[in-house]
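There are two complexes below, and they share subunit A, which is joined by subunit B in the first and by subunit C in the second.
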Partner chain A sequence: MSLYFPLMTGQLSLASIGFYSLGGYVAAIMGTHPELAPLREALGFFMYPLEWLVALAASMLLGLALGYPALRLRGIYLALATIAFVQILGVVVLNLPIAGGAIGIFGIPQPFEDRLAYVWFFGPLLALTVFFLWRLERSGTGRLFFSIREDELAARAMGVNVTGRKVQAFVLGCALAGVVGAMSAPLLNTWNARQGTFDAAVACLAYVLIGGARSKWGALLGAALLVSLPEVLRPLKDSRMILNGLVLVLACVYMPQGIAGLFARRKS
Partner chain B sequence: MSAILAVHDLTKAFGGLMAVSDVSFEVQEGEIFGLIGPNGAGKTTLFNMLTGLTRPTAGTVRFLGQDISRKAPAAIARLGMARTFQNIRLFGGMSVLDNVRVPRHALDKVSLWGGVFGTARSRRLERETLASARELVALVGLGDRMDAPAASLPYGARRRLEIARALALAPKILLLDEPAAGMNQAEKEDLSSFIRDIRDRFGLTVLLIEHNVPMVMGLCRSVAVLNFGQLIAQGAPEAIQADPAVIEAYLGVAADA
Partner chain C sequence: MTRVFLSLALIVTLAVPAMAEPVAKPIPIGVAVATTSNIALFGEEQVNGAKIAEAYFNAQGGVNGTPIKLVFQDTAGDEAGAVNAFQSLITAKVVGIVGPTLSQQAFAADPLAERAKVPVVGPSNTAKGIPQIGEYIGRISAPMTVVAPISLKKALAINPKIKNVAVLYAQNDAFSTSETGVFQEAIKALNLKTVALQKFQTTDTDFTTLVTAVLGARADLVVISGLAADSGNLVKQLRQFGYKGLIVGGNGLNSPNMFPVCGSLCEGILVAQAYSPMAETPVNKDFVKKFTEAYKKAPAQFSAQAFTAVQAMVEALRKVEKDSKKKITAMELAQARQAVNKALLSGMVIHTPLGEISLDREGEVLQKQFYVSTIKMNPDKKTGAFVLAK
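Now for the complex of A and B:
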């Protein structure tokens, strides 16, 4: 869903996975670094929300620094620049002692025994994100975002600070991705550079393509479908990945607006 | 009367093509100023330079006493220069009402957090914006289509919506690029009186690009004529009509057509 924020202004950014990775490292380091042990003891469970906040702040700052130059680029160039950023971040992380190099960070403390209990983290975050988007889409800022998506040049001529608004949308997406990363690190227990690869960025993009890029529900629907599809098709053994790919291609051709687009068409 | 807009030696070259060359004129506050000329004469390019969408190769534009020739389009718009486009450019997927709300939100520089958390200031701005947008939409006769997507409107309605959207910037000067294109005689007359009405009602200055000579002659106090990027004549409509250079330029076009 973090891809949807920049898409509101018509910008395709694949940087989310980089910020997801960054947020995960923030949480992993804060959860394991020896010098922070007293802080962890003092805060107990509240260490986790603190990790989220630090990840949020770090993602927003880096998002701002990346967004201003990158958002002068358009369309495919922006997508390429954000991919480049993801790759650079991956290399930096591999060479940073504090991030554990190629091995990464392991033994990240886990607040819950049961994996399903992480719903207590992700459930409220999802609810908050949906609520935030619901309010945003009905606010003046949301309308300014959409005007840029509809016709950037006309938006400029109508007084819209296009670059500034794009950066706002982009930073929101970065912030969400960072917090999701920070929540995921304890769940996965280990965190390394594989958490932020190009493949993962493309998978996120596929979710949005399938689900629909013009609706906040698109990414959610797409992710649900694409994550469950290989499971549903398991009986088909090896050929299931081919079918999976086929579904993706057909969906792009026959549902350019994604699944969410089908719903919208039914309504009107 | 004083000049609200002063264009000085404005020039735009696209490669070797001089789309606009050394054009100078002044527009007085409160007047309806006509800009005419055959297709490809450089009228739209001139509008694009005034509104900052195209960077001039040379020359200056003074608006309300400031040099705006190097300013960003959004800054110029917020100073009080609004326009419509020859090939209508609405926010097609957004509702009629939202199209007209966008310029107001831009003027107000609405806050992201204020909007999401519903602060008192942002709720007040939303109310004011909604009220003024409704008024403008009704003014152009689309009061019963407020929630329709802009792209779903018929051609004439889209032209009128574009004017309403421009008016939402509360402009001092309104630039209309061929607003009567594709209209029949009766519609053109309606449009003429509508332009006069909004000029009086909002205290506007209007800069109008129009092919239709009778319409320009009836509406404008002064007229400038472009041909191949050059200003070939300028003055009162009657004098322009008698000008040999203008007759030549238009006869040339008429012979082609």
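Now for the complex of A and C:
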């Protein structure tokens, strides 16, 4: 979903996974660092929302700092720049002692006894994001985003602050990725540099492509399909990855607009 | 992103409460290792070893007459995969879990088993802090703090004149970074001098700058912590540029997968091993014979450790039956899981292909015997063997 925000302005960015990783580190460090122990005790359960807020702020700041120079690039160059960002972030966390090097951080405290209860974290976030997108798409800002996606030159000629809008969309995506990362750290129990690799960035891109890049439902559907497919296919044992790949190839060939594109075509 | 949420949603549909149910027959033991992704090479070796163990112990009559059945789940190479595999095994009502492959995965998945009160035996998790994850977490793989220094001592025995050591390690690999720490401490303890400390990435192929640094520092011993492919290339380039001294490799070099990479230049690398197929114990001879029959090659350490982990589960199950004088299959699942864990951590001594081992109260392994091997390459320059160093 976080990739969809920059895509609203027609920009392909792979930086989301970097912010996801960043948010996770923020939560992991805040959840385990010994010097923050009194704060954790004082806040109790409210530590988790605080972690999200810090992750949100950190992601937005870094997103702004990265967005202004990077979003002057277009298309494939922007994608390359964001890949570079993900790589740099990976090397930085490997070398920061506070991030635990390659082993990362483990023993992150759990807010819930049961893993299912994490739905109370992710469910509202998802609902909120979908609601926000729904409103955004109908607001003036959303329409400005779309105008840039459809024709950047025309939008600029109409007086749209193209770079400013692009950065706005980009930062929104970064913020979402950061918060999701902060929520995921306790879920995974451990956080390390492997969470923010290029492979993961490509996986996220695949979610959007399979789902459909032109609709908010696309990213959601694509992720739902691609994440659950290997799990649903578990009974097939070793051949499950082959089937998984086959589904992906077929989806790309027969649904160039993604799953969401399929629905849109049916409607029209 | 959303994938974490979605895997959760999936678990919702899979989760079935596992209360007050009897243990199935044959007794299910979970094995969660990586059979896909970039660590599948290790995982496959583990699956092979575990399968030999299943056949071997069932031929002995299983757990006092009740056969065991291994339930395999693929963890892939990442943390989320390990978590999902553990979750499926726990809901599949196994009495215990052998796995996962990587320590990083263990930090993610083991807390799950701990909360479900399912005993876990780590077959290849060597990082610091694994048994401390919880009461139900143990391992049969010796931590590298114990294994690594042994090969250094061997190098000194071969060439007592060694003074200057160069230490090289893969910075982006968790195992290698911890292992190099252990090596560096051991080097200090042995009064040797570290003249070069260099980092590389497991994805690197060109090591020219590293090699120049090592040669410039006039090192007479090189210690490498990395994975098979990168270390193979590194060794090759060291030798090609004219390094003549001894090379000590960490556990990542303890793999025949390195042989095709450095070819005849692999010759003479010293590696400390927790397992040697040449160990002369009855159970190891049986294991090597069965394994060679089935897979036409000698078992690697990963296979032997997987065998040992399954063996630990089986022996714990036998001990539970002996102590309680009740059949496992007559017990409730939760009760059986608890009893198995207690038996595992009781300090009982098991005779395994790794030699005599036992687990202490915390779940840490106590292993009696380690080996230092040196690589001997065959004339075809593609294959070779680990031969016990004299």
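Here is the rule we use: the second predicted complex is superposed on the first by the 266 of 268 C-alpha atoms of A that agree within 3 Å, B and C clash if a C-alpha of one lies under 4 Å from a C-alpha of the other, contacts with A are read in each partner's own complex, and residues count from 1 in each chain.
The rule is simple: a residue touches a chain if its C-beta (ideal position, glycine included) is under 8 Å from a C-beta of that chain, and two chains touch if they have at least 3 such contacts.
All values derive from a computational prediction rather than experimental measurement.
Engineer: I want to verify the contact counts: of subunit B and subunit C, which reaches more residues of subunit A?
Structural biologist: Counting residues of subunit A touched by each partner, the higher count goes to C.
Engineer: What is the contact status of A:96 with respect to subunit B (first) and subunit C (second): first, second, both, or neither?
Structural biologist: Neither partner.
Engineer: Name the contact category of A:126: first (subunit B only), second (subunit C only), both, or neither.
Structural biologist: second
Engineer: Using the superposition on chain A described above, determine whether A:57 touches subunit B (first), subunit C (second), both, or neither.
Structural biologist: Touch partners of A:57: none, neither subunit B nor subunit C.
Engineer: In the superposed arrangement, does A:88 touch subunit B (first), subunit C (second), both or neither?
Structural biologist: Neither partner.
Engineer: Once the structures are superposed on A, label A:80 by its partner contacts, choosing first (subunit B), second (subunit C), both or neither.
Structural biologist: neither
Engineer: Touching A:39, do we find subunit B (first), subunit C (second), both, or neither?
Structural biologist: The answer is neither, since A:39 touches no partner chain.
Engineer: State whether A:184 touches subunit B only (first), subunit C only (second), both chains, or neither.
Structural biologist: After superposing on A, A:184 lies in contact with subunit C but is clear of subunit B.
Engineer: Would you please give the residues of subunit A that touch subunit B in one complex and also touch subunit C in the other complex?
Structural biologist: Of subunit A, no residue contacts subunit B in one complex and subunit C in the other.
Engineer: Can you list the residues on subunit A that touch subunit B in the complex?
Structural biologist: Within the complex, subunit A touches subunit B at residues 132, 135-136, 139-144, 146-147, 149-151, 153-162, 168, 214.
Engineer: What part of subunit A is in contact with subunit C in the complex they form?
Structural biologist: 1-2, 16-17, 20, 90, 94-95, 101-104, 106-107, 110, 113, 115-116, 118-119, 122-123, 126, 177, 180, 183-184, 187-190, 192-195, 203-204, 207, 219-220, 223-224, 226-228, 230-232, 234, 237-238, 240-241
Engineer: List the residues on subunit C that touch subunit A in their complex, please.
Structural biologist: Of all residues in subunit C, those touching subunit A are 1-12, 15, 35-36, 72-74, 76, 78-80, 83-84, 87-88, 103-104, 107-112, 115, 127, 129, 133, 171-174, 176-178.
Engineer: Please output the residues of subunit B touching subunit A within their complex, sorted ascending.
Structural biologist: It comes out as residues 51-53, 72-74, 77-78, 82-83, 85, 89-94, 98, 101-103, 105-112, 115-118, 122, 125-126, 129, 165-166, 168-169.
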